[in-house]
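We just call them A, B, C, D, E and F in the order they show up, numbering each chain from 1.
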Amino acid sequence: MVDVCYLVPGVGLPNDEQARRERVANELTPDHVDVTVVEADGPGPTSIESAVEEYWCVVGSMKTAHRIQSEFDALVIGCFGDPGIRALRELLSIPVVGPAEATIHTAAMIADRFTWLTILEATAPMSYEQAHEHHLSDRCVSVRSVDAPVESIDHGDDDLVERMVREGKAAVEEDGAEALFPGCMSLSFAQRHDEIEERVGVPFLDPASIALEQAAAWARHGVAQSSKTYPEPKFEKLGDLLGGSAAAADD
Amino acid sequence: MVDVCYLVPGVGLPNDEQARRERVANELTPDHVDVTVVEADGPGPTSIESAVEEYWCVVGSMKTAHRIQSEFDALVIGCFGDPGIRALRELLSIPVVGPAEATIHTAAMIADRFTWLTILEATAPMSYEQAHEHHLSDRCVSVRSVDAPVESIDHGDDDLVERMVREGKAAVEEDGAEALFPGCMSLSFAQRHDEIEERVGVPFLDPASIALEQAAAWARHGVAQSSKTYPEPKFEKLGDLLGGSAAAADD
Amino acid sequence: MVDVCYLVPGVGLPNDEQARRERVANELTPDHVDVTVVEADGPGPTSIESAVEEYWCVVGSMKTAHRIQSEFDALVIGCFGDPGIRALRELLSIPVVGPAEATIHTAAMIADRFTWLTILEATAPMSYEQAHEHHLSDRCVSVRSVDAPVESIDHGDDDLVERMVREGKAAVEEDGAEALFPGCMSLSFAQRHDEIEERVGVPFLDPASIALEQAAAWARHGVAQSSKTYPEPKFEKLGDLLGGSAAAADD
Amino acid sequence: MVDVCYLVPGVGLPNDEQARRERVANELTPDHVDVTVVEADGPGPTSIESAVEEYWCVVGSMKTAHRIQSEFDALVIGCFGDPGIRALRELLSIPVVGPAEATIHTAAMIADRFTWLTILEATAPMSYEQAHEHHLSDRCVSVRSVDAPVESIDHGDDDLVERMVREGKAAVEEDGAEALFPGCMSLSFAQRHDEIEERVGVPFLDPASIALEQAAAWARHGVAQSSKTYPEPKFEKLGDLLGGSAAAADD
Amino acid sequence: MVDVCYLVPGVGLPNDEQARRERVANELTPDHVDVTVVEADGPGPTSIESAVEEYWCVVGSMKTAHRIQSEFDALVIGCFGDPGIRALRELLSIPVVGPAEATIHTAAMIADRFTWLTILEATAPMSYEQAHEHHLSDRCVSVRSVDAPVESIDHGDDDLVERMVREGKAAVEEDGAEALFPGCMSLSFAQRHDEIEERVGVPFLDPASIALEQAAAWARHGVAQSSKTYPEPKFEKLGDLLGGSAAAADD
Amino acid sequence: MVDVCYLVPGVGLPNDEQARRERVANELTPDHVDVTVVEADGPGPTSIESAVEEYWCVVGSMKTAHRIQSEFDALVIGCFGDPGIRALRELLSIPVVGPAEATIHTAAMIADRFTWLTILEATAPMSYEQAHEHHLSDRCVSVRSVDAPVESIDHGDDDLVERMVREGKAAVEEDGAEALFPGCMSLSFAQRHDEIEERVGVPFLDPASIALEQAAAWARHGVAQSSKTYPEPKFEKLGDLLGGSAAAADD
């Protein structure tokens, strides 16, 4: 059995939605994988749509991830901004998977050029920078907004699907996109990718399944972040962050 | 069940080694995955260590892959040069996975900078170009030869392991490598990565497990090459290549 | 006298068209250059419009080129995809010239930014990748299709010229192109470049004359592919490809 | 008068050192500039030498910066990691200056190729990524460690100066560096750059003076981060972060 | 006091306009900075709108700059083409500032992506190349012409302001620009940036104030071009260029 | 007949050396090509080893080239710095060839990675920037100095050949170079490339023959710089540069 933690970095996800996502996550993964959705300790934002909110959520993510890591074989960051990925990789010894990182690399494998559908005009610049961070920005022909504030996203929202289809088609026709993905885990967990893919005519990737499968595969094979790239921090300095006993345990 | 074809593009792999690889491949993958090692129709080279041999092997790969694709859910090219990957992706409707592509992208996720251990001085330029092809050459700090002609590689060869450890350590110390991988499936199937990783102190990726897991995951989730990037060829022109009936079946 | 082989990698070019191309090629080159158009041994495609067809044609190209190389001072690959250029450069000791490589570099010298007119929507992704392969993709502002399946191309086709003019003008006005070239040797041998250049108002390069002149100049001055980049293959492994006697001659 | 806030993101800087830095900062800037050194609200790390510590400190930086911004014309982040620069630029309407950003760009103006002297082997990967973040990594020929944990740095430490001179000379001779800078504000505030520059023979930049002068100039001329790149967050969601009254004031 | 020379490389700037620019320059800079506008010795062009004119003006710039450098602490090249910047940096020991270099780097700090408003369609290719020269071309989303031959530019020309607003808005909406700047010092000295910025809604940088402030800051802190990047020429060879006495003084 | 002007931009080349170069140039080119070596009108430097000297020489080059262009079909700039290439391309209607541009692109075609042998440590930074200017800097693995001030270069200097062999071998072994070229036309006209190539074992290009052959081929086929990239200057402004009658002739 491979135990994967899907860590939601924000706070306030309704219990039923959290349960739905855990159910979906376990349906997406093979039988030998067990996914647990964990919400980070607060305080933090109710949704993550800015760099401010990304930074705000990471302290809680670090605390929670560090506390629970011994229960899991791998951790997936539950937000497409991959908030705090470098920090979490330093902090944890289990593999840390970012859905954006995993999805961008997958898009670059199945297509030469892709478009990123982001939630808001305001998040487009961050999306371009994320593609650059992964050294794959010249494969990202465009970032397009589907005008979907995170808290408005509902998996039953057909109008949102229409906007994704419309922007997806425009990406293919005007920007030369050969593959698409949504830049938000709420869009991913809406699980409407099959119909969008069929209507647009190019692959429409699902970040949730990609990230979870990668986490399970990495855990099974002992693949994890390099400690040269992500050196272990000096735990004796982190007592106030992690709590004395937890930090002590790392020494 | 997910059926994965691991297609060996060269000819003349001894039966027992082919059987050993199939056994290893099935041990590397989860229970729900069934890997079959298939050798391409000849003619072709006995090992692939040059562009000449890469091109030579692809015609057979295309014929074989096209003939058997209906039996499989995904295909892994059994050579780290990913020979003919663009052609196979055009030709097949099942997902086609290249071990080099999958491994390079994985290395770029677990580390900022990696070194590629290639078999020969003569294959180093091709390795640099492969990294460039994937737009990740600025993450590849060096390609180093372990001086191992393919047909000489034996999984019990401790001297070869020594050379890999020595070049791996040099890569870390002199070139700043933070992760490593072997650029040859025979090196991968030697399955000595754990001890090398332990001795060098940075992740040493195993292309076989990475490629097979990716193939299984892609097949499970309907992820495949974009038909915009890899358009279906005009099958009516390919009769002499594929045989009349096979081509007809695609029409 | 400099003897240049123009090797047509596909099969089935009508004799009169082959003769016309040989005549054009000799008119394009100075008196001291003698160009022979040679068709590759089959089997192979009748035209090359996909990666499948590129790979299919290369085995024949390698056989033919190897067999006849002693009669020539340089070889030009007779297809704008430069199919098998790395393999041919390894295999041959005479200089091997790719029309795409030569034309892309020339375009990058006479202009900062250029557009590539490709035959089909389906070949556009390969064209972008070819520009990338030569590390000059940031000079290629667009690839545009002129909708001309190779076998339909006729040098007397005024409608095709109109399409090239129309796409060329659009490239200049919408994409900022400062030079153009056709991505197909049949388009090149149509020899309509002067009128297109005049009507569009920016240089419209002719790949045939560029490649042939480069081959002649390289041959005259002993310029050829580096054996470090393109190491000689192990000929003893290539007997089945090249035929016993040919391979023996290389030993 | 231009009022510049130099915001120390960590906690626990001794009062006398804080006073010394404020005095140095005011000596470095022209008479019409008044620099105030402000320590961020905790909790946070005592020094910032990892991504974990960068993320840990930003929540306090955001709170403090937001609370006091009305008293200042510009803000300089008091750490060479520029921790939280995207978040602070979204959050504040006054210009936010990062010492690393300002110094990297200055180095790229006075030299074609530079070396970054970082504090520890462990911070080198982050330094390379910061150079990449600013799209100037191909100007950074090397990152070299001077082996100086932040809390050990003392402006009277001649041995540290020797290490900086030694690594600086090696950078020039072995890596081709044409300019240098220290990747740490404690190294900068040691104010030993003149003697190092003289002994190494290439410019050795002082991040403190560069960042402070830039902040003053930007404030004087109304230059600030673009609100398209750094859109204002939805303040109504940030009550728990900023405190009710502060957030209300932004509405 | 910091004495800055603003060197106009062309000839024939009317005396009153030269006086106006000197007055503006001194208003833009702090009290401790004294800017003198100096016109280069001729012969040279009356305005600089081509590479021909750039090269033509540099001989005079070198002569004048070398002759007067002892009177100044820093030199700003008074043309956005930064004509002769590498030569002037070799020749002078005081810091040499190029307005384009300073502005492009500033734009890259305040925004991820910017647009350059150039004077003419004909100067657009040079502008793209200048961005590339500074390794920041992937941050320059477009160069747009405002159709303003230098000698026609008048700071009271409202129609020109309209064209800058119109192109600026188009850059934001169509090209994704997040900041703008004018690629001409006459446009800069028109000093209409505030109203353009307000109407377009993104930062509109003023090259004059950026370059002058940078020159003053560099002079104050001893920051200057690296002599490794810009090695001192052999002055004994430059007698005919600089005049015997001036060259002798450098020996 | 194709008439090619080889324009020496500096002054004072001894008559016998000028005659020798003209003889060599004509031996290098086919019979239908006639090369004339022309020395630019002064004033100018006696050799070009700095940006100062590059700029100094261009005014004379422009005057001379413009005056004599009607006598020639193409012009080669007789200095590896390609001084004033953008200006000359704007000014002339005949094709302008830069030896560095032509050689760098040729090196990138025959090898993946090359080393540039420059005359002096002091010219290395300019060489790196030239490679960058042509967007091929990632193919230039190193620039190495052979310590040869231009005026000291003699084609009979065996010691210089030794230094070129020594640096060439080091480039291959330490830097991974697969091809080499000398960054100076005096080194090229020494015509010692064959023995150096034989001793080092990788191609050692001859810029003179490459540039002259390219000029002849371009002239024969009507290939020339794009007037979009290099727009014709306003000749009415250039009277003082070109002389009244010459400028008038362009109107």
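Criterion: a residue touches a chain if its C-beta (ideal position, glycine included) is under 8 Å from a C-beta of that chain, and two chains touch if they have at least 3 such contacts.
Because the structure is a prediction, the values reported are computed rather than measured.
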Based on which chains touch which, give the shortest step count from chain C to chain F.
1
Set of chains adjacent to chain B and to chain F:
C, D
Would you kindly say which chain has the C-alpha centre located farthest from the C-alpha centre of chain B?
E
Would you identify the chain whose Cα-based centre sits farthest away from the centre of chain C?
D
Centroid of chain A to centroid of chain E, CA atoms only: how many Å?
45
Using CA atom averages as chain centres, what separation in Å is found between chain A and chain B?
28
When you check chain C against every other chain, which residues touch at least two of them?
112-113, 125, 129, 135, 138, 178, 228-229
Chain pairs satisfying touch are A-B, A-C, A-D, A-E, B-C, B-D, B-F, C-E, C-F, D-E, D-F, E-F
Mind pulling up the chain F residues that touch chain B in the complex?
112-113, 138, 176, 178
Help me check something: in the complex, which residues belonging to chain B touch chain A?
28, 30-32, 95, 101-102, 105-106, 108-113, 134-136, 138-139, 172, 177-179, 194, 201-203, 205-206, 209-210, 213-214, 217, 220-229
The chain F residues in contact with chain E across the complex are 42-43, 45-47, 49-56, 58-59, 62, 84, 86-87, 89-91, 121-122, 125-126, 129, 132-133, 135, 228-231, 233-234, 237-238, 240-241
Contact footprint of chain F on chain B as seen in their complex:
124-125, 128-129, 137
